[in-house]
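Naming follows writing order (A, B and C), and every chain is counted from residue 1.
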């Protein structure tokens, strides 16, 4: 059955292309609508940018504007040069005084930080948005690029990324999909197919044992996982102490095929960052997933 | 056999003065002793010292020659029972269940009530006319009825000494009379040593012996006819008092 | 009443073993239990029922029993209707320890080696001990100071937990899930730990029924009725803290059970501890088993945190009970 994984992959990239075309011509110069439905307008491209979310930091740098960043949040660690920038705490607990003192003309954050309520009265433009799906990665990249006046760079980046995704898809076109359980933390929280990571997993040719109707980030009953008997376990909580050993010690999990076969992937912290951050390194994240699933694809 | 205070002093923590100074007295079985004096004289403190709840700063409280603090709580509770001035009575407990608490010092940690305990509980409740509302919950009883239940609980302890702290406070005339009657009969018929803090001097006049305290010291002790005298009471209570003398004197404060 | 409640608990346990997000035929459930008791695991459903579900159901039962016993003991000894097993800071202490382990376990290896349950157990014990030390005057434990010390320490540690959670937002969901309680990865070892403590605590609790009753008339009266009040308070605090720390360390902070089950039982059978203690233990166990059953079946195979179920379902149930008893009175 070589057709099964191949078909949806291509459909998805085609849809992506369609959206790419739609949005390229849809928006006025310098104005974007953010995730809270607010219009953010800049008369001139932003030159002093603060990013309070690691994915925004990565996007700004990916379109070649790393030098316009004047401050970042404490979790932004990629690319490495941003680690030299002033750290402004987290989006939830930002050091507002230090942030304002940097005199930024644009702050990129997420919809829950509430920073726009504080900063906009001070005349600082705030863009609020976090990509939750593959398509939204491109949308938000395009929004950020618009505010920086770098639409051309963004289009090149997106075109290149989609081409790489399509090329990678060729690798998974053959072979049966292994069933996979993605563990975000030992509660265990997992990801549904409609989440960003769930989409990547599907693109990488993995069959998620978590069904879509459970939601994007469900807390899953362990006995259900035992009954599903996934072929592979992806431990995104490995940096926090979970491992093949701790999984084997869980009641009833010794009987899982993945445990018997040693098909338990322990990701490192940089790998977890790569997988969790819906940003310009999407093709690398996909490649990582494809690589680790390679030997379980029959 | 006696409950005896010997040169007892007591000072509350952090206070600069003793609230009880050099007090000595004794309560024998089959006697009803009244403890009287103005507010703040130290009557309730003396009762707490006698029951072993407070420990004297100096001096000793002995029961049959042995310090009350050398007894364990359980052993002491088999000899001395207390009816406090105010007690918290869980509303949802039945009268009988509350009286049954009086058996606690006689029962082992794991033991259940024996038939003998049930007999004692019933006898105690009958003695205070509380048996007929044994099934009622405490919340449903009047103040006078509650006081009889608490007295029955004390009797269920089968004590030799019974300490009452203002047992007639907040009761109407009939319940006051009933309660004084119980106290007298428990002393004279059942042979208990009864020590009662009394506010009303005309109630105190019914006692066998009175101890008058003022500012933590005993100022007079003896038969009611000897203690309840107008000049002494006027001095101690700081108000003019008239007394109709006799074996049971009648005390009347003069209204200015 | 006690026999009936014991039977009801049995029925609840069997139902919880039979039902789950994975359907297992009743015959296979029975077979799995019989084979499991002999140490055999043969078919796939045996793994589900005996290795995954059974320890989970039993852990919920013993945790419920422990919390309800500790709660009813505290309510009597502190004569405070709001008293629950977490009154002296056990939950906040355990929560703080768990949060620190979850968040910093990656960089501090000895934390990860000890694991969340052990760290939570120790921090719960340390917190209550601190409260006791601060409140202690000579050999006595004044109730008001003790409760104040526990509540204040608890608030400080809760603030600490929030701070640790915010320090690493990727771990926030994990910490939150632990704080809301879960029996997801219950194992036989956890069950054994709690059973060991309960084997000591239940007979002590049943035996102390008269002492608990005496505490209800006030400390001075209880002394005069022969109860060594201070020694008894120490004993209760030590046993209840062990119970609570063990329960919290394996199941997280499950609210409500220790507070409301004793009250519900009191509404049903009155305040005498001869009935109140055994029935609180039985219904605490049954209630938490049912709550966990709901947590893992309502949205199956997704789960709800069991602490959410206890409060969401238990709250209204208790209010109805309270209302009905008031109308009868």
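Side notes on the structure shown:
Everything below uses one rule, namely that a contact is a pair of C-beta atoms (placed from the backbone, for glycine too) under 8 Å apart; a residue touches a chain by one contact, two chains touch by 3 or more.
The shown structure was predicted, so the numbers you read here are calculated from the model rather than taken from an experiment.
Hopping across touching chains, the smallest step count from subunit A to subunit B is 2. Here the two chains linked by the largest count of contacting C-beta pairs are A-C. Chain-level centrality, scored on Cα centres against the all-protein Cα centre, points to C. When chain centres are set by their Cα atoms, the one at the greatest distance from subunit B is A.
Centroids of subunit A and subunit B (each the mean of its C-alpha atoms) stand 79 Å apart.
Centroids built from CA atoms put subunit C at 39 Å from subunit A. Mean C-alpha position of subunit B lies 44 Å from that of subunit C.
The residues of subunit B lying in touch with subunit C in their complex are 48, 51, 53, 72-78, 80-82, 84, 87-90, 92-93, 97-98, 101-102, 104-105, 107, 109-110, 153, 157. Residues 79, 207-208, 210-211, 213-214, 216-218, 220-221, 223-229, 266, 270-272 of subunit C are the ones that touch subunit B when the two sit in their complex. Chain contact summary for the complex, subunit A toward subunit C: residues 75, 90, 92-93, 184-189, 214-215, 217-224, 226-227, 237, 239-241, 249-252, 255, 269, 276. Remark: subunit C residues 20-22, 41, 44, 47-48, 51-53, 55-56, 102, 105-106, 112, 166, 169-171, 173-174, 177-178, 182, 184-188, 296, 299-305 touch subunit A in the complex.
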